[in-house]
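Order of writing sets the labels: A, B and C. Residues in every chain begin at 1.
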Amino acid sequence: MSARNAILKRLRERLDGPLSAPESDFSVVTGRGWSQEERLARFERWITSVHGEVVHASHDDWTRPLAEVLADKGVRRLALGKQHPVAAEAREALADAGVELVEVDRDIEGWQQEQFERVDAGLTSTLGAIAETGSLWLWPTPDEPRLISLVPPLHIAVLDADTVEETFFDVVERHGWANGMPTNALLISGPSKTADIEQTLAYGVHGPRELVVIVRHAGTAPGEA
Amino acid sequence: MTAVKLYPPRPDKVYLFGTCLIDLFYPEAGMDAIRLLEREGIEVLFPEDQTCCGQPAYGSGYHDEARAVAAAQLDLFPEPWPIVVPSGSCGGMMRTHYPQLFAGSDLEAKAEEVAGRVFELTEFLVHVCHLDLEDRGEPEKVAMHTSCSARREMGLAETGPALLAQLGQVELVEQARAAECCGFGGTFAVRHPEVSAAMVEDKTQAIEASGAKRFVTSDCGCMMNIGGRFEKLNKPIQGEHIASYLWRRTS
Amino acid sequence: MSGQTPGVQTYTPREFHRQAHDALGNPQIRANFRKAMDGLMSKRRDSFDDWDLETLRELGANIRLRALARLPDLLEQLEANCEANGIRVHWAEDGEEACRIIREICESHGARSVIKGKSMVSEEMHLNAHLEAAGIEALESDLGEYLVQLNEQTPSHIIMPAIHLNTDEISEIMHEKTGTERTRDVDYMTAAARQQLRERFMAADVGISGVNFAVAETGTLCLVENEGNGRMTTTVPPVHIAVTGIEKVVEHLRDVPPLYALLTRSATGQHVTTYFNMISSPRKEGEHDGPKEVHLVLVDSGRSRIYQDDELLDTLRCIRCGACMNHCPVYTRVGGHTYGTTYPGPIGSILSPHLMGLEETKDLPTASSLCGACGEVCPVKIPIPDLLVRLRKESVGEGRGNVPGAGIKRTRREVAAWKGFQWLATHPGAWRSGTALAGKLRALTPAKLGAWTDYRTAPKPAGTTLHALVKRHQASKSHEPNSKSHEEER
């Protein structure tokens, strides 16, 4: 008998008989009742508490703060997609910005060393965020592959302010994740870190050392005229 | 932790289950429990044939033997009076583990019924007697040591401190890591003596560092353990069962 | 074969007492663990501030019990959905078989080096030793695991593998094994490790990871991490092998958020980890990165046996958070290596007897004062103290015999002692006389009473028993019903 069948047989021919499966009440992980402002405020508080940075921008003018971030951080080579509106707008805005825009629509086997050693930052869109935990959620695509938010030392993520849900449970349920999962789905809640050296926090172990979230607001950004 | 009990009104009579440690080593603590209850106008019945709740055998895995001992105790409380136990460990055994020991047997219903009437002493004094104490003692600092059984099996972290808080001349100080085990654990202390010793050493140091002049507890196992360590080190801090402490200071 | 990696410091559960003795006498170990556990306990407490914790734990327990109730069906559903998405599913009855499966996948790709994300089940099966013996280098990428591997040790905690090492010790290890400077600068050491491991991610032929939750509904493998090495391990190498115990399945995607919330807070007091990585297929047509081949190895290794017994089944609820050991007064004092098992602390003591047999692990179920701190914090409400007592019962042969090695601790001497206790406690007349006699002979109490008196004074019986005092008290009351007889007796 194969291992598979032997294992399943043992599980099904249980000594103490069949088990009853209790129903679950998920109320405790949903229904927070936060306004959009409060969701965004919580998101920002959590992600900045773990060294994430948040920049507020308006939907119409977000590439200007993007260029500032790139200049501030000394980014010379930026990896980003082409098709997604975020990537397309960024490419257009940065065409003459003195930042080399790296192509990512090629199989990693052809440029792995380059990505690991000579890319300063990766820019991606996001599908939304979670207020309760300060998390971004992303489903990488051929246009914006998995590694550009992991390998370069800086990850710049663009988040639309009206896509912040209250809890992770809400994201899973409201966006119908059970209808079909992508190759890879990610929650990103800050730059890479570890506390393995005597519980002292250190950043940028394997993933990015820095995470900047550009929050796009419909209309003007908070603090702008 | 057991679920919150619905406490009965103050009864006319209770049974006292004295526990084997009190019977053999600290009988005055048992008497002081009786005195406290009688002072509240409650008649205390002490079934003569009581011996031990069976916990030592139970904790060691000798459940056949524990069951035989427990079965003998089940017969001692025929009337529906509450059963007051001056120990979190024995109280926990009877309330939590008697139903488990007899599940699926002829004695299942009886065990459940008896378990439902078991109260630890401080629990009974606070939630049933609504004790009102007048302190006649000298001012002093004491530390409360709530046993793990009282704290976690019976959910009674507050009752001991609540009683001590009523004593106007007593300053209750809290030792560091008060919720951590003292290392007694019944046979644990003799099966794993070095680990147990490390735990009681930390506990005595914490109590000493708190500035307490004495420690008070609801469990004689803990008292024997912590008090025995202090005595070995020739330290002046002594332990007292909470029944004795309360009686001494209010009579 | 013991499966111990050659050159790695060997601890075994059989030597618990000696290992505990050594640990207790090591001030560095005592200090490292005390500080670490205090920190973890307080972080956990703070992280549940805004939560109705008891309701969340109840939901967690409920989700795990539902998954276990439906386990065989869910495993089949998981397999079907994984395969439909291109993840190849393999089944292994034991660790040996799992090692062989993994090795064969590696060999079929001509793999010389493997990079590993954290996987406790791979430790359980001694996978690294098996691969090394076949000439395949297995390098740990989680920083704590990496340090432990450099130091030729095994992990001492299931979440924080290097928790037994302090900064100076780590600096020394990195200096000696990788040539870094001796320093207390944690950022420097972290940057050095980042550099060293980046090269290995790029060069690895295969990435091997564990699985935190395997979702049957969608065939999705979920991994929890802070460092990014998990994502690296499961994305960079051309082949990814995920290995998990069969009990880690959950039914629905929506079951994941509550368990994730419980896991991060119970483990390290974090409201969330840096990354939550959910993998449902290998690289698809048109995608540009990710492994082209993904395998899932489902390992039984004694779990289906635990599954048979209603009481023991609760052991399988575990989501491997480590809260139990963080709160255990015994673990805090002796550290993880003392247990000599892959899983130490309370979960280790209830699980290892099933994985290794009670003959090997007979001192573990008793290495607990039954204080209950573990059960109080378990996010899925495993009744750990009850399971410890159940294993003690099995150890002395009075259980159902559903654990290998049952009866190993039954000795004639101890049986006689407990039978004696039983007789005395069921013969009240003899009890009363016996205790009264002990009282009379109290002066003869030996000053030395075994291990007890090594550390404490011997308890002496009181002069009279409670039974006797009560009798006196009742007699005096019947003579003077209205007097303050209780005060006069003092």
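By definition in this document, a residue touches a chain if its C-beta (ideal position, glycine included) is under 8 Å from a C-beta of that chain, and two chains touch if they have at least 3 such contacts.
Everything numeric in this text was worked out from a predicted model, so none of it was measured.
Among the remaining chains, B is positioned farthest from chain A, on the basis of C-alpha centroids.
Top contact pair of chains, counted by C-beta pairs, is A-C. Of all chains shown, the one whose average CA position lies nearest the global CA mean is C. For the pair chain B and chain C, the distance between C-alpha centroids works out to 31 Å. Each chain gets one centre point, the mean of its Cα atoms, and the points for chain A and chain B are 54 Å apart. The residues of chain A never reach two or more other chains; the list is empty.
Counting partners per residue, chain B has no residue that reaches two or more other chains. Partner chain A is touched in their complex by these residues of chain C: 32, 35-36, 39, 51-52, 55-56, 59, 62-63, 65-66, 68-72, 75-76, 91-93, 97, 141-144, 147, 160-163, 165-167, 170, 186-187, 189-191, 193-194, 197-198, 201-202, 217-220, 226-229, 231-232, 235-236, 246, 252-258, 260-261, 268, 271-284, 286-290, 298, 300, 304-305, 307-310, 313, 402. The touching residues of chain B, when paired with chain C in their complex, are 1, 18, 20, 22-28, 30-31, 34-35, 38, 46, 48-52, 54, 56-65, 68-69, 72, 100, 148-149, 151-153, 179-181, 183-201, 224-225, 228-229, 231-232, 251.
Those residues of chain C that touch chain B in the shared complex are 17, 20-21, 24, 329-330, 333-334, 365-373, 375-376, 386, 389, 391-396, 398-399, 409, 414-415, 418-419, 421-422, 424-426, 428, 431-432, 435, 438-439, 450-452, 454-462, 464-471, 473-474, 486-487, 489. The touching residues of chain A, counted against chain C in their complex, run 2-4, 6-8, 10-12, 14-16, 18-29, 46, 50, 104-108, 112-113, 116, 132-135, 141-142, 145-147, 150, 167-169, 172-173, 177-178, 180-200, 202-208.
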